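Chain naming follows the written order as A, B, C, D, E, F, G and H, and within any one chain the residues start at number 1.
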Amino acid sequence: MPHNTTDTGTPERIFIKGNEAIAHGALAAGCRCYFGYPITPQNDIPEMMSYALPDAGGEFVQAESEVASANMLLGAAAAGIRALTSSSSPGISLMQEAISYMAGSELPGVIVNMNRGGPGLGDIGPSQGDYFQSVKGGGHGDYKLLVLAPATCQECYDMMVQAFDLAFKYRNPVMVLGDAIVGQMKEPVTPWKPAAVPATEAADWRLEGAKGRKPRLLKSLFLEDGALAGQNRHLQAKYAAMQAEAKAESFLTEDAELIVVAYGSIGRIAKSAIRKLRAQGHKVGLVRPQTLFPFPGPLLRGLAEQGKRFLTIEHNCGQMVEDVRLSIRGIVDSAFYGHMPGEMPGSDDFLAPILDAMGGK
Amino acid sequence: MALYQDVIMAGFGGQGVMLIGNLLAYAGMNAGLNVTYIPVYGPEMRGGTANCTVVVSDEDIGSPIIQRPKSLIVMNQPSLDKFQPRLEDGGVQVLNSSLVDASQAEARVRTVAVPANDIADKLGNTKMANMVALGAYVRATGVVDLEVVKKSLTSVISAHYSHLIPKNAEALQAGFDHAG
Amino acid sequence: MSRVVFLDERCKGCLLCTTVCPKGIIVQSSRFNRQGYKVAEVPADAMKDCTGCASCALICPDVAIRVIKSRKAKKAGKE
Amino acid sequence: MQADERLALADDEQMAFEVPDVLVDRATHYCPGCHHGIAHRLVAEVLEEMGVVDDTICVASIGCSVFIYNYLAVDSVEAPHGRAPAVATGVKRGRTDKIVFTYQGDGDLASIGLAEVMHAANRGERITIVFVNNTVYGMTGGQMAPTTLIGQKTTTCPGGRCRDREGMPIRMAEIIAGLGGVAYSARASLDSVKNIRAAKKAVRKAFDVQQQGLGFGFVELLSGCPTNWRMDAVKANTRIREEMIPYFPLGVYKDVTEGEGVC
Amino acid sequence: MPHNTTDTGTPERIFIKGNEAIAHGALAAGCRCYFGYPITPQNDIPEMMSYALPDAGGEFVQAESEVASANMLLGAAAAGIRALTSSSSPGISLMQEAISYMAGSELPGVIVNMNRGGPGLGDIGPSQGDYFQSVKGGGHGDYKLLVLAPATCQECYDMMVQAFDLAFKYRNPVMVLGDAIVGQMKEPVTPWKPAAVPATEAADWRLEGAKGRKPRLLKSLFLEDGALAGQNRHLQAKYAAMQAEAKAESFLTEDAELIVVAYGSIGRIAKSAIRKLRAQGHKVGLVRPQTLFPFPGPLLRGLAEQGKRFLTIEHNCGQMVEDVRLSIRGIVDSAFYGHMPGEMPGSDDFLAPILDAMGGK
Amino acid sequence: MQADERLALADDEQMAFEVPDVLVDRATHYCPGCHHGIAHRLVAEVLEEMGVVDDTICVASIGCSVFIYNYLAVDSVEAPHGRAPAVATGVKRGRTDKIVFTYQGDGDLASIGLAEVMHAANRGERITIVFVNNTVYGMTGGQMAPTTLIGQKTTTCPGGRCRDREGMPIRMAEIIAGLGGVAYSARASLDSVKNIRAAKKAVRKAFDVQQQGLGFGFVELLSGCPTNWRMDAVKANTRIREEMIPYFPLGVYKDVTEGEGVC
Amino acid sequence: MALYQDVIMAGFGGQGVMLIGNLLAYAGMNAGLNVTYIPVYGPEMRGGTANCTVVVSDEDIGSPIIQRPKSLIVMNQPSLDKFQPRLEDGGVQVLNSSLVDASQAEARVRTVAVPANDIADKLGNTKMANMVALGAYVRATGVVDLEVVKKSLTSVISAHYSHLIPKNAEALQAGFDHAG
Amino acid sequence: MSRVVFLDERCKGCLLCTTVCPKGIIVQSSRFNRQGYKVAEVPADAMKDCTGCASCALICPDVAIRVIKSRKAKKAGKE
């Protein structure tokens, strides 16, 4: 998946949690600093980083809060360092100001959100209630994060490598949006070593002291006439260019009459439901967006143009469905089934909604 | 779906169901299959009971969470009450008949009753009842080769306790044999 | 003159009470309660030594101990 | 308590240990030997002795003790992690006639909520803060706290806290005492009968100064977390005595009713 | 506009800034506590509250941060008190965790955002870059704020009264979303005195000591099996009921071929553009949503059904346009013109986009 | 400076006052008599004297001095309001070989950013903080700050700060000195030539301890904000002398190089 | 559109354009009209120049921000350079000819040159040049009655300085007369 | 022996320099600079009294003063 793959040759599988795969993937990607504050259900990430990073010559800091974590991330990013923070929903809310600053001053960094049930303190179970926050911008102003949504432990690993690559490619914060399912489950993961981060990464903008060159400035304040508008135009152009990174898994879509759209853990649970229904002869397929921003809208639009119907399934009260509807608008609409945060979803829960949508308009 | 099996294993906190869940998952992995393992997660964790779900398949695995499992390992009475109703018709359950009233087993499912505590006791340590139950489960379902399970013990028992591995292998075998 | 009552279903068997009894009469029983905790107790024959000082009750994090004194013995213990 | 014949009093008998009514009669979710239970009881006793139970609003914080509202029968609101002093400020400014207190752990108060507690203290908010310092993040599984002792191993300082990397444990009672609006700041411990008795007095004082309108009341309670210290409750109490108290000296660090005059 | 109007009889007009009208309106609505932290361009609000509230028997607290402000608001709300905080974009980002908690524990309170240019520190000029944050949820989990968008100083006043009424009617936080234009401009405002807040407001849930009744608990943690799902179902039903509060100004829509949809300051600037184009004979009208959530989707849908075309104009890179498109999907699409934050918008800027949309598909 | 013949030196002449090269030759946006200009110059002189200009990263904070990057020719990043110590922590952990400092106002550091500065200090981050205390929020138009003096009128305490309502002004140099990871904490003033000379030494020391890897360096500079104090610059300097210094005593509150040993 | 007028007033920081902007707005309001007033807002504020926009209308007012104004009050040279190009064809500008080179006035607009500083000086205080210019503006546009403007002085001059009101009224009148 | 140069375009007329000159020779001029500030100066005839102590330069927030000494006078002033 990442563009700088170098296989080590020994595809030995290790059996680890998604959270651990996140940490392993980050280390493989050359992550040198971790900043974070404990919160369930992602504590395996800081815990693993706290013993692994110092050995890897990096720095682990337990920050005083998520506000501080995100700002430490901003600082390390300004120094051109591959750095990571992770948290879960309430903690991510506290990072919104810093995230907006990072986007505004074009600083790369990776933020993992192991989404839990909300709103408020909610619970510690899985949820997809933070889609809007991640994709539309929980912070202020017009900005976008690149948002990757792993559904397997292997993807947790792979997407961390991809996340760091994308962050530095676009000089933009990247969010990896999982949930308590993918974080807590264990699967075999094949670790792989991407090519080492080139020493030149960020060399033309990172802060390191202005020896022999003009001082550099990384900022988001643009007071001069038209300067902020210019920065916003630049950012919008960048976000448009990111569209090239959109990615999704397609499963049995070719002959499908109904396309289920679901991401992350819900995507794989939906896959089980689809397998059951296929066994009964129902022509249903799955599109599982792996990038939530950029959203794989063109793919969906193409399927809509083929006359397929749509059902969006989420573990929330209806968020990504808006992007699905916007993607295929003018052609067809998407039905929606929202599994309530606070209840554990299983593939059986999705059977009736899918059959409904197959029968429906 | 050449090969697909899922199982919920449940018992008291101290009965080691997480351990055999991990062990079965490792065995599946070592047999070259896809596996998922997920512990119950949430407030239940603090209570006295524990359970986990393992899926083994030669295809990629969809849901790691199973509402109507194909099989069960039931180590205590509350777990029978909770999970038997969810078991698929014709599914397999291994009951620890040392602690579970096997007469409550429903006819619509296939039940393998194993006095796991007693067998383990005889082998010298009641704590290995979990291994006995897993051995029986492997025999009952044939999901993986028992030898692979035994070899996988090193993955779940830390080096510090490696001297216990032979005993655990014995317990696996005893369960396997009992279910025969 | 005094006695203590252990509320088994509240006791978690932490044994803190055993460390503060000036008479050393509190011990871990062999009983498990419904939560699976091995509860503390004062064996019946030792109860006569209880001074009603309430130290055990004061340190019990689970409010599992009640201390009862006969009126005569009142002055000594009450906080 | 369920009816229990053993609790029936003979004519010449009486209870030598009163359980406050405001303490709800139900088993707690705390681990064996966890001191949150003692701290809850002390607060309950003080509220009852002051006769303010019906006028009290509790601000619960996020930590193992978030469920305090299940154990104290008073009106309660749940604050986001660390923000209980700000929430309490809002409650109190809204209802200046009520007794308002927060109950916070060391992660909550000394880490994420440090600015909130210090500013509430500095403003002299008429609130009381009960601060349970167990040198660890209990609820989330034993990560390092700002009060974790040097050398103490936690899941995020697996080699033991190191002064050079993570700094020294923060002494909150002293820091709070240094701020302008504070009427009372003290540190007590819940490890022994004697210390529990002293702790009760400190809790009482921290509420008294609020009731008297003198300023901010703060009491730090050194507490055990056997689970995350990975030791039994009895050893945990020993640890408090031998390791915590030497670094976190017990005592009253500020008391405007004795000396410094009205704040 | 509010349901408990009691006119004082003397409609004398005062000439004040929008920010001042916010403060006057809040005081008229019975606001008893203000918590806030300074930030341009809304400092007139705390400054006015700091001298007016103590006289009115209330409490003014300059909080140590916006994180603290929002949590103080949560506390006052728990006591059943009408309370206010105000800020601008970066400060609002810092409130997202507390806002999610307020929504989750159903606590009423009013939050004013005088939207400035973003992302990051941006500038101090007007912008509508915070639409998504306000309407989709900048915080975590599935929740909704009621969002009111004043376009005039009078509306600043009126909507504050409405905001408090709605907050307590629905036990939900309400956001009043202005910008640096409506905050800094002066207009004549007719102050009016709504009926006094009844002493029974919040009497059945507020915290005040459990005298003679069972203790009350205001919380957002729901750990018991299914409890969080239940709370989410309850919240979703409430949000659905709020739809009744949707409101918009319609201007020359009857015979219009093109409907411009624009809110707040941009709505009134668009009105000027429409007047100019009407004078030239172009059949264009305006819908100016006054509530952003609930969104006046049914109104737009009705107009779409009449065969009208649509152009959404915003002072951002495209946010409300998604709600417009979702509202009228399946019938027609909306064109979009986004005026860049960082540039001051004037009605002339909108002429070409409107003419384009008139000509377009 | 533009070429100016008056600056041409005769053979026997020399400059008696060197302007550091790292100070950019452009007029500032500060108000007449504002001390940010002096503070900038002292930092510039120290960096140049230490020979670390090319290895320094400045973390600008939000306040009137956000534009420090227009005046100091060093690599810079802009931190969100109050978070400069966290940003600096990130920079320094990323590049432990660089000199990293923040420059923060009193609203930024002592109000919204209190937790961040205290935790960075407590962790002993090897960074330097230059703290400009002018008892008011300059940039946003003169609102109350945590350091506003009792009786001082601002736009949000129009009747003058009142101890009972808003609490006492916070003394940061003292609070910081009390934290474990701190190597140096001092307070100086920019109101007189003598105090400016002392301030320079304190700034130097606050950077020295970083360079030597001893811990956190902190220097508080009492400064004037004539605009928001609504007085002319000369009166503002008098106010510093007569009102600020008595409440905020000048001096070194902690210096591990003198006594306390390596931190 | 029975009545609609908009104006940008611009000058140096100390010339009091904000004051006459407010005054005109108050007068409009006191005349029963709708008005909006908006100062320039943003970084320009810290510079040496200031401007504001006032709109007066008997309909509800759309945009308070005017890109091509119908009229101008220009108190200094930089303001002429900046705003004259934006003035609508046929629009009215009042130029403070004491400080502005009136020969630069474009023919496509109507220009009323008033030596406001000189007139104010003669009345005893150069600071009232703003009032002179506003008086001239009122005459040139007729947007409101001068008497209403005079009466509105109490709204913009604080009680503390109320003794200055008659002098300011005089200055308004002088400007009005000069533009006649 | 010493002299000071005021850079008019940097001076903001705050007059702090006037308060620290041991010789009292710095005064406000009647000149405005382009920013509209009335700049400080040492009148030509007073310059001879300048000791080159640089106090004025040290307190000037706008780095608007340059101090020049002849070599003989060096020791006294430099910081």
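We take it that contacts are C-beta pairs under 8 Å (C-beta built on N, C-alpha and C of every residue); 3 or more make two chains touch, one makes a residue touch a chain.
Because the structure is predicted, anything quoted here is derived from the model rather than measured.
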Chain pair showing more contacts of the two, F-H and E-G: F-H
Chain whose mean Cα position lies farthest from subunit C: G
Gap in Å, rounded to a whole number, between the CA centres of subunit H and subunit E: 55
Rounded Å distance, subunit A centre to subunit B centre (Cα mean): 34
Mean-CA-position distance for subunit H and subunit C (Å): 84
Length of the line joining the C-alpha centres of subunit D and subunit G, rounded to whole Å: 65
Residue list for subunit E, restricted to those that touch at least two other chains: 64-65, 67, 90, 97, 101, 105, 120-121, 123-125, 219-221, 223
Contacts with 2+ other chains: residues of subunit F: 66, 78, 80, 111-112, 114-115, 119, 123, 146, 166
Subunit B, residues touching no fewer than two other chains: 42-43
Complex interface listing, subunit E residues touching subunit F: 37-40, 43, 46-47, 50-51, 60, 62, 64-66, 90, 120-121
List of subunit D residues in touch with subunit F within their complex: 111-115, 118-119, 122-124, 146, 163-170, 174-175, 178-181
Sites on subunit E touched by subunit D in the complex: 32-33, 35, 59, 61, 63-65, 67-69, 71-81, 83, 97-98, 101, 105, 207-212, 214-221
Footprint of subunit C on subunit D - complex, ascending: 1-2, 4, 6-7, 9-10, 12-17, 19, 23, 27-28, 30-38, 41, 192-193, 196-197, 226, 232-234, 237
Interfacial residue positions of subunit A with respect to subunit E in the complex: 67, 89-90, 92-94, 96-97, 100-105, 115, 117-125, 127, 129-130, 132-133, 136-143, 219-223, 226-233, 235-236, 316-319, 322, 325-326, 329-330, 333, 340-343
